[in-house]
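Given below, in the form of structure tokens, are the structures.
Both of the next two complexes hold subunit A, though its partner changes from subunit B to subunit C.
Moving on to the complex of A and B:
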């Protein structure tokens, strides 16, 4: 069933040729293109649209904008169900499916509306006072039921099927808001020559001018002019929700629902807009009055009534009471009267502008001065009000109540960077404080509520904003707009105390009584008030309630409004879909991945890949075993018995050159590098400033003034940044250049007793004898005309070679080695085996170099025994680092038959209670096929006496005995790698 | 390596990227620039991001004391004569990939990748980061652009660019 009983026959910014069918709570309605869900429902005679948060009171539509606290709906179904959307901002589309929230079994008959009967009990702090016992855990029990009883809509638990975008944009001048001020500012800035981006949260340009019956022509002229300017871009359906450093605005943009189906198009787009200057023309929000039952469906802001009448061509009521403390409400009355409504004006002020009074009476309105609404009748829709004035109390029948207690400039964005808004008594409102020189305010956002002022300020702000960007071409005057205006507020509206069910915050169900109670209980600061009563929370963040609340608190405390202050404004201004912030960086694109030059060979040859940092590395090869535990042990045996080949392209590789390169490395590494000879490599350890070990690796001297450094895979970027930092800040005098060449070289390691033979066969022009290429020696050559570097280094403890070749020849070199080495039993192995091999050899890695260990802790103190002047030296001598109970590197061998060690296990002395952090911890473990038991590296207190520890792993309730041994389990003399 | 792929209206090519990096030592910049200009036979760009070029050779000022030279093909001789007391040379031709992108939506695609001012990118080299990966972006028109990216990230970035379409 449809009804258009409240739709006016003509007018408004509607395309009546496009009739749109939509559903709300299972019923079908129609509206027009240009409607919001709220206007279409109002036009269809729907006044009840929701239930309140706490008391489940019936609620209607309060506003016509983003400030809406009541008319929240859930849109969509299934995975696309989206809750808590203000119907006042929802652009009507064909097929829209909306549902009211927070009610059961139906909106009209909501069982939990019984809460309203207990409202005297459900006052501020009710939960905190009531649900604290009997035990400290009681709240966890109650919370579940409380959350079910009170709340908003429910989000879907299904994965979001929509696409979102996140992007950056740049402009000279950003203009936020497209009312009279914003349009004037954009035009002026553009005429001055600046690139302008005009941002409007609505789907229609115009702001409050859309509600002005005489503004259409001016609006059309300005909009057309801007649309034709090449240096102006207009973003509709876009909310600037945050202001950040460097004039960066965060924008959230809804896709145009009438744009047609575009494959892969984003539903919402989050933009970081970098502007050289910003004009805030964000307008003002009308404040509600505070009187009993002011939340009933049919009680509306006067500005909203104007919007529905003039923009949406809807007459929300025919018998209307206009309550006001502000002249602007008279314009609402005039518009209603012009459309045949009966209007009673209840002006709280003792005096009003005579011309307004005269016109109101001339048009047939009944005006009561010094009169307040003291009650609203009707449950699901307004049926009347009680007015109290000088002559007593009267009842007035009506179907709509308008209210206006003045205007609150939208100062949210201007406050996000810490600029406190300041109170202006003349307009009873907070306006932006002193902004940076690149930010400007125009129009109602700055407290100038008249349209003529807004236009003038807009032109001025636009011109000034363009000048920031160096654009100062001549700016023409804005077209004149002649509309009926009022003088603005002439008095400060103060809520009257002693009224029951007089709501201050509609969305959070906070009443005047709640604020009084909070004040009595000591929650006097507006920040405490907010947290105690939840006032100003929720999806609307108190856009219509905060100022009224602080005025109430100021009055209760006997202080001025500026003394009471405002709460802190933080982004986002309106709710933002998390998906839009993420953009397309989800799933496969959550983060980028890195591939080695040999990646495709690995995947084609049965490698199980593992993400290590951003790198994709072979974890193990299926040919070695059916699962990782089988495979890595077999791969270890392969390396120990014949030879294995490993892709080490992921190692950080840094080219260091310059006349002072050796001196630089001598300072960077804790162990000396000045004396290293050309053609030789050396293991090096870097410390942080604070004496903690930073990273380790090898560096090879390629030429007198040129070195090739390798770092751990994980620390590659950090080490390069550290080197650059030192050169830029500590030693800018050194003639040294450092550059990442990690991507330049494919790297592979051939390790095992047969490695020398394999290399000799693969590269017959190079002499791989111990004499020609000893351990830590360098050999050079070419492969496929690409430079080739072979360094005899060992991480596994076996004779081993690191082969580096230009990345484009990486896979070819790998294939060549595999082909040649097959005769010697060469096969690939993965990172799991690599990690296990290094444990057997006692080499430290990330689990030991964990940002807490020193050289001494890692038993490397002797490396620097006689050195000084290296980074980290000074603080490495700290007393704390010399403590007798510092945890030092040890080897641990499982001695319980059939049991295993686990990384992370805590170490205790036998007989000690297994409590606390113990004497140390296991850092790395592996099964050792050579020793036929689990072994590991650990950090154990140096003052620990004894050769046996208890390794406790509470996560699995495991306790294992281990023997403390040397961390070098295998070949301590190094015969294998030197042999 | 040449890979060509297309997604919808985008044509995307991954190409080798011959690149020579030259660094000047602190205090020797003027002499270094003079030597380098002599080596390549033309004036050097004066501002970071500026591009100079001749005969298929593009020279980009990558930093106050750093130049990137893009020859049309790999060369062991370009800038090889710079005296070591003035600066140094490093061949980075293996470590970078050029991703050429042609699409009428290039501005939109770039806005989803890089925090750079599109209107100021025509004819200059912009150094930025994509997903925190260092990249250099240039464009010759509204539709044709080029990303110079680390080789190991090239495939991931190419997929990302196609996704952004």
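Moving on to the complex of A and C:
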């Protein structure tokens, strides 16, 4: 396609030795290293690159930067398909595969562009009016079709095969943007002695200077100098997308596609940059003009044309109409003229800078003042425009239209922390408001549009930012850059009303008409306007449209632009791959789980593991049965008839020492601990300050001033923090220290009638007789020269021992017990059986201690009957906790033969309608081999009359009868564990 | 994105800390049975705009409970001290 070749013979920031082949919509093209996809397509004569969101209108390339609303493409295939990427930001690489969007069956012939014919239907508020009326049935019906027709690219449904990184970084001074202001700021801050991080979203340093034909030498000097400074780091392909508390910038960095293949290297990296001070040198974005068909392929921003001509060495048109309300467009005209293009300038202003006018005329441009574009001809590519001026209307044929309606400083980051931008009428733009003392603005971002101002402001901002970090060494003047430049706009550009198909937001297809309609219907505030018309809600977040829209609304309402105000700026500035935020914390790494010291034995011996809270624990052992339901019942039988061994290393373990340790525990636990004797253990319950049960466990008095506390697995961290809180903030007078020893001790429990014999055989030096080691007693010893603690405690209701040994000897002790115990029938059991055994015994656990129950709800009120001075005491006496219908712990036994109970079932009285929340709920259930039926624990209103409930489980439509019984199903006298 | 200057460990990211609530409320004595005093301590909070004293624990560091003076408007931190030292 040489006839459409638009590449200039020389110039630009391209490496013409590297020819890159790429595909777009199935056709092969070539470009150079240094191209974006947009510039390479333009160079190849491609101007039509997509269809619009709502009306499926043909669209081309509007801009040359992150603000691009039109030229969005899908890149990659399969699992790497990524939609909605602006072609203007896509660095061209060899083998890139891009596809246009919203074009079925093809870009040129799009069936759904018929939406355009119905466009009056799709005006603002269309969805609300049509589908959100009294009945939502219409919406239910149409949603599928509408979602299919209106939309952008489609993301892949496959898992992301790429690797991402997420990290923290630190610097004295962060400089965002590497244009004239940013480079000057970075250099000044670095010379002052600060560590500097310069952040540039593009793959090339230089910002708008890359579009300045006279800027190359200065740029090269500055860049070389910065690259040689040891205290300066430069991050290219990196967008600062959010500003957070404490001068934290969130950065997203794309890997250098030319760096070659590195194993496991991140495709994108998300960085939280903690900076002492920040210089925002983020530049400004040019605003489009609003005229009919301003969205046609071939209508571009003047600054974009300039970037394509000078940076990318592409002449996008030979016959150009430059529409403007701003002097800077003349520079675009001069560059086009210098490359032999024919240029007609339509300046909306009645007057223009005489030197610019003179030069334009001298270079051969035709200039019309007080003239506006009133229509654009051509559907897939511009063929001409209609100009209306003082002398009437003329048609001008052309292949490219440029437009400038002033500049919008990129204030996004400066506003993320709530600093509202302020309007400056002299440049018709919003600039950053009053920033904190550690943040600075330089150059166009602050409204200073000329290069000389940008350099001067950059130097002083860089110096001030370094001073924040205490770095005040002498700063040399920046090199002088002499180029042709213009001041900002001299008048405020106002769109002319009554124009059809004059687009304000290109990506969301919002026209001037739509804004007028929204205003007529009362959606006047800019925030309402945004939501009613979807203006600014596209992937470009309205970078080119928001200011034009609010100016239109201000005019319609007859208020000033500052009164209309801006919508709220929120992160991210540009779309961010969610994978980069996650970094490597995906899959198993999303939340690491913990392994006990005996884990390897479990997996090697047929344990089915289960993630329980933070831990992996054996669920059941395959030797006990093929599936969990068979296995746990067999494991229950094992414990009740012979003995089982269970890994309890996951329990929280806290070492409590000090002269006041007993007094401390006496306050912390609701039940008394002051009287506990050395060598004895006690079950204890802790309350929260609000009187609700917090956690339970056992604590053993090892010595006069030393206790060994165990907590539930789930609450281990919370209990430790709570004890530390009480000691640090409430009772600093108590001489107590607490320390977690959870990881220091492996724990295992041997439970069952044979457990005493097994332990005697395993540890022959220790006396396991009832006299020497009664229930709740402690015995010490050693195993492999490591201290051993054996506490006779029972959770299952059987005679049982908890054995604690140094973690590194955990597996050896476990193997020893298994070896010795085998002769007695000892086998391991898992958490499913453990949970079932405690239900038979009526012991409460997490499902009952659910953050809503009190001691008396759990039938443990007697524990504190004669006590005072414990945490949670006062509020546990409050009236609400004494209510007659308070739900209290009960046992429930299934009495429908062949049926089962379910945890979470709601409890009703027989005959009562099964509606609402019922009179209580089932908290824990199990099959009981001892009773040969399903049993459960539940919470049931204390004023419930009768001994039978209906348990309703609506999720499965099950209704079962159950008898209300004592929660202790087995051995209420406790003979088994004492025996 | 707070950075808390732990008096024991130095400046650390807030993700190493656990928030512990309002440090201005006075906890009643452990044996104070007054329901109202405890009600006020557990439930009533001022929610001030500006400087606020609050508890943070350096759970992934020295495990000390700290009193942090933080501006609720700007999130800037004005002082950090050991809770125990303030109380003892």
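In this section, the second predicted complex is superposed on the first by the 970 of 979 C-alpha atoms of A that agree within 3 Å, B and C clash if a C-alpha of one lies under 4 Å from a C-alpha of the other, contacts with A are read in each partner's own complex, and residues count from 1 in each chain.
Just so we're on the same page, a residue touches a chain if its C-beta (ideal position, glycine included) is under 8 Å from a C-beta of that chain, and two chains touch if they have at least 3 such contacts.
What you see is a predicted model, and the numbers here were worked out from it, not measured in a lab.
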{"item": "Partner chain in contact with A:689 - subunit B first, subunit C second, else both or neither", "value": "second"}
{"item": "Subunit B versus subunit C as contact partner of A:917, first or second or both or neither", "value": "neither"}
{"item": "Partner chain in contact with A:474 - subunit B first, subunit C second, else both or neither", "value": "neither"}
{"item": "Partner chain(s) touched by A:878 [first = subunit B, second = subunit C, both, neither]", "value": "second"}
{"item": "Partner chain in contact with A:667 - subunit B first, subunit C second, else both or neither", "value": "second"}
{"item": "Partner chain in contact with A:733 - subunit B first, subunit C second, else both or neither", "value": "both"}
{"item": "Subunit B versus subunit C as contact partner of A:724, first or second or both or neither", "value": "second"}
{"item": "Contacts of A:272 with subunit B and subunit C, given as first, second, both or neither", "value": "both"}
{"item": "Touched partner set for A:168, first subunit B, second subunit C, both or neither", "value": "both"}
{"item": "Residues of subunit A at both interfaces, subunit B in one complex, subunit C in the other", "value": "168, 272, 274, 732-733"}
{"item": "Subunit A contact footprint on subunit B (complex, rising order)", "value": "1, 8, 16, 21, 23, 25-26, 28, 84-85, 87-88, 90, 92, 94-96, 108, 111-112, 114-120, 130-133, 150-153, 155-157, 159-160, 163-165"}
{"item": "Contact footprint of subunit B on subunit A as seen in their complex", "value": "165-170, 195, 263-264, 271-272, 274, 583-585, 588-589, 591-597, 615, 649, 655, 657-659, 705, 732-733, 735, 737, 739-745, 786, 806-808"}
{"item": "Residues of subunit A touching subunit C in the complex", "value": "168, 244-246, 248, 272, 274, 436, 667, 689-690, 717, 721, 724-725, 727-733, 868-871, 873-875, 877-878"}
{"item": "List of subunit C residues in touch with subunit A within their complex", "value": "1-3, 13, 18, 20, 23, 27-28, 30-35, 37-39, 41-42, 55, 57, 59, 63-65, 74-76, 82-84, 87-88"}
